[in-house]
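Structures are listed in the sections that come next.
Each of the two complexes below includes chain A, the first together with chain B, the second together with chain C.
Coming up: the complex of A and B.
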């Protein structure tokens, strides 16, 4: 099963629900990797709704596993993208053209949900029209508070910033605007004393 | 009185010092011998003559040097001052509030001459004499919020009010107790306070928000907050923590009185007239322990507060490792005598230290 129960946390940390079909003037769906399972669940609950949907899907490590089932669900448009950056311009175009009452479905990793959510809100889509469901990897998108560089798919704590090289611990403090958690230098008060990395939530 | 401005630094060689005058008027934050979170709000309508509460925006001997430090922080990292696009009107509101307040409260230092939309602003301590068009951004060298807060001590968070919440949508933040405007901008009241321990469970933020949503124009409010800082470093930012964090390990029994500072924030809250935004100035005052203990009541009380502070708070405020050394030092100034209620120094009535 690709779901994960996040432990209770602080008020800035996002929480996720479960996607459910919702009537709307347009149906826009975005998922990465195991997030496809959440879209397929919507399709199963309401096949007609899926036939009207514009689906953008990023398989990541899942390869072909979910592309055929998605195709079989027969969305109006199915776009398979190699990465989130590769489809942001398209997503921008689709969100911008969304009519009043459009419904947005975001499913998969926190990094994908967070970035697409920030983009949708920035374009002016109301938060109440956006549903989210976490599936798959619990990797985090983390901003280094020191150099401001963002590292994708962080799986361990602490980790080394991919930009400036500092050893960062990952806070639960989260910025929706940046779609990122905050990473802070772990050995500032004792340089070189970096505890061994452990997998997040292990 | 005429203020004698210090020429001093808040970094590198740390030449910052408080005069006798600044020590006596220091905003000591503890009204009793213990501390716990509370929604300690009161009206901000003046205070005893010479106190930091007297004026709407206190100007003191550190003014010029603090503004120089701010300019340096901004040159190193312009993201310390940001304003989301819908906050420009609030920036003009803030500029007006500060210019009117300072020119009325310190007529010998600041002048504001208004002829319709043409305003002339004279800031004598900083040597500024600018004429601009109110509400015309192109007539100022910076946006209105940045322009005026480069000339006003304290950090500024400008909060938009909507959906029964406050949103940190603009700010000038260079003297912060370890939080990042760049990270927190756009967050609501509960989100930007999310990392604070214990207070959420105590309901402090819910009550505080309820109070703040109802602050009315012309009725500002204030409260004090505090932490501890090694060296008189104004810019204790998360951005630079990998540079300044090491300074916390440089305390010794010999230098603790000189290097360890109590850091107090005078937080005020003003409703702004056009935007209905709330401006939240956070003014930082620093005092070395060796200066603080020259007031016998404060020496006794600070020792008791630090000694009895819950571990979670000492950790959050970042001095848990140094607490034993700080207590060793402060205990010399606590002779066990009772202290008078309230924050004032009470130098004439409180007994001298009994050795």
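Coming up: the complex of A and C.
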């Protein structure tokens, strides 16, 4: 199991549940990497539901590991995408065409869940129709609050902004609009005085 | 007293018979003042002096919510009811003075919705008339599906269809027309909210279909006012006031408390709003819960809604 217990944090920090099959007019599933395990658990709990589902899956580093099991679960549509940006047009169309009553399942990394959640809410899908489950990497999507550049898959704290080069402290402060945690310059008052980087949650 | 709300003295300015069952009453402030604006879906409790008896019945406001010069209600004559609607139809005339409760909305539009899907049955059309007027001002998307027994009894259908030909759909029982509910609820765009007002059977049908199709509960709204049901008289001990009162056969527990001068809160008088919820201190018998308010696990003998619920047994003590 690729699950992780996030320590308690501030109110703005997203929390995640466990996907469960839910009756609905349409079934839309999106996962990246180990998030596939959560979709496969839904398929095992309710194989018929999976046969009606539109699944979009981004394997990332897992390669072929989950694509065959997903295919074997026989969703109505299975789309394998190379990255989240590569499937946003499809996702936008699928979410926009979803009737009220559609159930949305998001599983995998925080960056994927957060971005898809923001897109779904912007389109008007009710929050209560969206289930989330974190699986796999605890890496974060971080916005540099100074240059506004977003860095994906941040694993260490502090880290250097890939856009402006500032040393950023990774906060739990989270923007639902941007689907990103906030990174704030850690050595503004004493340039160069940067504590050693540690892996997140280590 | 209704939760400390002041009341509005009004004068009946028009009484318009719409068809065999429904009559519209229009009111202006008795001293010419502006009536407070309300939001579409709000109701008012109409206070009628029927001889020594005070009748209090809730009716949805159906005039333009932003029009301070008048309020209007449409009343369906219920010959089998406890007499409030018949009193209005037969006794209340233009020029009469009445007291209205301040508007209270238990059936408001959710203004975060992208679209409002309205389903009305019979006299359940009234809150939607006001909501549609509100949406005309604010420009919200809506669609009305209105079911009535016959063209003659379809109150306001002609007006609504003339004003919104593409948004108003009428279904007539005597033409064997039925709202295609399954299809309607399966094809709504994201962000739609559904509202239903009508007979119990229709509300249950819409709620059950929406749930089966996966609609989130917060996107599904319903309103039904229950009339208090008659039943065997019973005696109640009121612990706070120290009074012992008897509730008559055609009287509600709330009405009996009011008759005895007990200050009991209320808003809707129809089992929907929760304002009159009262703690049961002790009882030896059966509480007959008729409300929409209490959850199943609260119907364990600890609470009662005096506006519609009754009691059968030897002893009931309330915290009032």
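The criterion applied here is as follows: the second predicted complex is superposed on the first by the 202 of 202 C-alpha atoms of A that agree within 3 Å, B and C clash if a C-alpha of one lies under 4 Å from a C-alpha of the other, contacts with A are read in each partner's own complex, and residues count from 1 in each chain.
Heads up, the rule we're going with is that a contact is a pair of C-beta atoms (placed from the backbone, for glycine too) under 8 Å apart; a residue touches a chain by one contact, two chains touch by 3 or more.
Note that the structure is predicted; figures quoted are calculated from it, not measured.
If you put the two complexes together on chain A, you find that chain B and chain C both fit without a clash. Applying the stated contact rule after C-alpha superposition, one finds that A:123 touches chain C and leaves chain B untouched. Shared-chain residue A:24: touches chain C; no touch with chain B. When the shared chain is aligned, chain C comes close enough to touch A:95, but chain B does not.
Taking the C-alpha centre of chain A as the vertex, the lines to the centres of chain B and chain C open to an angle of 70 degrees, rounded to the nearest 10.
Contact with chain C, but none with chain B, is seen for A:103 once the two complexes are overlaid on the shared chain. By the touch criterion stated above, A:173 is placed in contact with chain B alone, chain C being left untouched.
With both structures placed on the common chain, the touch criterion links A:148 to chain B but leaves chain C unconnected. No C-alpha atom of chain B lies closer than 8 Å to one of chain C in the superposed arrangement.
Note: no residue of chain A belongs to the chain B contact set and to the chain C contact set alike, using the contact criterion stated above. Taken together, the chain A residues at the contact with chain B in this complex read 10-13, 143, 145-146, 148, 166, 171-173, 175-178, 182, 184-185, 188-191. The residues of chain B lying in touch with chain A in their complex are 79, 180, 182-187, 190-195, 200, 238-246, 248-249, 321.
On the side of chain A, the complex with chain C involves touching residues 22-25, 95-96, 98-103, 120, 123-126, 128-129.
The touching residues of chain C, when paired with chain A in their complex, are 114, 185-192, 194, 210, 212-219.
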